[in-house]
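In the two assemblies presented below, chain A is common to both, partnered first by chain B and then by chain C.
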Partner chain A sequence: MSRERILKELEILREGQQIAELLSAGRDYVLYRGIPAGGAHPSLPTVTDVIVPVPNGYPGAAIDLAGLPVDSAFLPRVKGGRNSQGIVQADGRTWQLASYHPHQNGGGGPWDQMKNGFHTYFDQLLSWLERLD
Partner chain B sequence: MRTSAIVRCAAPEWNTLREILFSRYPELEWATFARFGWRETTDQLVVTLATIDPPSGSDLDDRVGHVAISEPYSLRMALGAEKHSLAVGVIHSHPENCPPVASAIDDDMDSYYSSYLEGFAPDRPYISLIASTVRGDLSLGGRIFWRGEWLPVQHFAVERTPSTTWASQKPVNRQGRTRERTRRLASAFGDEAADRLRRSTVAVIGAGGTGSAAIETLARAGVGKLIIVDPESIGESNLERVHGSCPDHVRDGISKVALAKEHVRAIDDSCVVQGFVGSLPQQEVVDALVTADVALGCTDQQHSRLALSDIAIRYLIPAIDCGVLLEGKDGKVTAQVIQLVRLLAADPCVLCRGMINPTQIAQELMTDDEREQRRRAAMEAESKGQDGNPYWHNLPQLNTVGYLTTMAGALAAGYVIGWLAGRFDPPFERLQMNLVASYFDVTDNEQTPRPQCSCRRIRGWADQGNVDALVTPPRHWPTARLV
Partner chain C sequence: MDEKEKKEHKESGEKAHELHIFVNRRKFGRGDGVKEQMTGGEIAALVGVPPEAAVVRHDSGHDKAEIGVNDVVHIKNGEHFLVTRKVVEGGYVA
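For the complex of A and B:
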């Protein structure tokens, strides 16, 4: 993992008022706190936390997957949310990784480490949390 | 405890430097400030020339024969250092046939700048280098002030430019006598070339079919030190390709690195071998690699190729990446391709060259459990008529045969010998040849860097460019083990 690179990407988010942290919980994750979500869905919360695993070899390997708290109301409604890709413990909570693959023909374009990072993955997450079933 | 230093320089910077330093040659000296990246290994400080900040106007006093640097030039460099993360140093020339050994004036200058720059950019090395020609030889010497001590430069690695390093007031490691075993090579390239090979270190990443052929060729040519890296043990299917392997090695479960070491010892026990059971870019492996004069990439692993490209650019290590490919159709072999890719510091990186598949890298670097989980998810998706590719791509096992890998490895080793001896350069950027096509269908693919790629920006930045590292070692890998 390129810690320096990830921290730089998270700093870009912070400058845009989005808080995200690098967590080391067995493996490494980026935790995006309070992502605006569900604006068009009055029954859903207006924000949610999302966890994303740091891929082995990052940035050589593409960022993939996204996790929500196991009891999140978004989980059954986001793309891939019903297709669990694993349960992880982080930040004192239990998370379920959803089958969300924006850089694998999932709408985010092919992975380009010179353009993409955890700062641009945030844009993918916004769209993921907006387009609900 | 670091006791000495290595200085590395790429060809574009050296060409600029040479013009500046020798602009008043042969009688008068000249100088320039420069910026350097660095990396501390367990016993050495490796310093890489990143940028030259040449003098202009009255920055240097041209009325005197020695170097006299003006205060505004010094101040400009010191203030500049507050805005970048690189180390700063002074490089100057000595008159022709005056060895690159510090004079009393140089001592005063180094004492002054090591303290002066510390005030502006603390916790960075101060580098002082001297260049001259002694009896027609490019001769380089220097020292580095780091953590309160002066480290002598024990080795200069200037890309494609043979040079003699001076330390302790004399040339380092001159052999002076050609060995009988390399007499034919010496008669082809000269005694001096054989001597350079004896003083050289070559890193070979991958000790399989291609790597073992390269290792054997380099050991027989009289290369002084080999750094060999491979994570695997010899398997039965390797016997057809790996030089020096026999069924006993398979039975004993010996690592490819241990086998290579044993094989080199049998060929020439004076060749020093540093072997790692490990992979790029593990830190222990990188520590060793940055001390090499040249590196050869001999694996079909994409992460290793990406890491080698990154290291070639940031640590200024000339490298060649080798690959082979065998294709067939309707019972006929249609292609037997050898690819050699030159990776010099100023060449486009492998990302710019479109040689990298991030999906393959992701799959190479997963844990066994992750791979299994992904394969299962792909099968499940496909069983439902969905696309399994987001979970797992079934990448074909590359077919290869011993004569092809031997040819690729020996060819690449030949170009390494040419580089080290200073006698010839690879006449290609990305060579592909097909052994079963007419006239081998040789192609060379010159490519230009992508404008947004970091490879244009971080040449020679060493560890100070870590934020732009192209690939990193996964946590689950076992620590690299020195054999």
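For the complex of A and C:
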């Protein structure tokens, strides 16, 4: 895992006013704060936090999965949200990882470590949080 | 402020005013293809989403209106846009 690389990727988002932090909670995670969400669903919050595990071997290994707080109204509605991939404790909250695999035939194109990273994974999270069931 | 500092200050000010937009919270400038007028499809292309698969929206305050891929947008410097995919899959690994 290249910590320096991840911090640079998160700095790219910070310039665009998107806060994302690298956390160590047993393993490493990136926590994106306040991602626009919900699309046209008026009953849902307009933003949510999302946690994403840093894969072993990153950046050679593709970023995969996405997690929401266990009590999130989005969890039953996002693609893969009902298929838990594990529970995570981080940032003082409990998160459930969803079965979302954008770079493994999930619609986000093949992983390319030369152009993809946690800054571009934000694109995948935006789509995930907008195309709800 | 000496002459060198003045020059640096001027250059830094000019850089800040160079035409740029933010798409999905990432900054893009003229070198990436940003221009004064762009279609929704051209904005989507900045983040690698083909026009037929893209939903483009403003990302500024209350203005979240959708922009058609053929609609022309008069770009305001520093404007924010969101681009998402029409189709999202979940729940499996290849």
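Some points to look at:
By our rule, the second predicted complex is superposed on the first by the 132 of 133 C-alpha atoms of A that agree within 3 Å, B and C clash if a C-alpha of one lies under 4 Å from a C-alpha of the other, contacts with A are read in each partner's own complex, and residues count from 1 in each chain.
The rule is simple: a contact is a pair of C-beta atoms (placed from the backbone, for glycine too) under 8 Å apart; a residue touches a chain by one contact, two chains touch by 3 or more.
Everything numeric in this text was worked out from a predicted model, so none of it was measured.
Contacts of A:Ser72 after superposition: neither chain B nor chain C is touched. Legend: residue contacts after superposition of the two complexes on their common chain; A:Gln113 is shown touching chain B, with no touch to chain C. Looking at the shared chain after the overlay, A:Trp128 reaches chain C, while chain B stays out of its contact range.
By the touch criterion stated above, A:Ala98 is placed in contact with chain C alone, chain B being left untouched. By the document's definition of touching, of the two partners only chain B reaches A:Lys8; chain C does not. By the touch criterion defined above, A:Pro55 lies against chain B but remains apart from chain C after alignment on the C-alpha atoms of chain A. In the superposition on chain A, A:Gly86 makes contact with chain B only, not with chain C. Comparing the two complexes, residues 83, 99, 101, 104-106 of chain A contact chain B in one case and chain C in the other.
Listed in rising order, the residues of chain A touching chain B in the complex are 1-2, 4-5, 8, 27-28, 55-62, 64, 83, 85-86, 99, 101, 103-106, 110-111, 113-115. Here chain A touches chain C in the complex through residues 12-13, 15-18, 36, 78-83, 98-102, 104-109, 119-120, 122-123, 126-128, 130-131, going by the rule given at the top.
Against chain A, in their complex, chain C makes its touches with residues 22, 24-27, 47-49, 55, 59, 80, 82-94. In the complex of the two chains, the chain B residues touching chain A come out as 303, 306-307, 351, 356, 358-359, 361-362, 364-367, 373, 377, 387, 389-391, 450, 452-454, 466-476.
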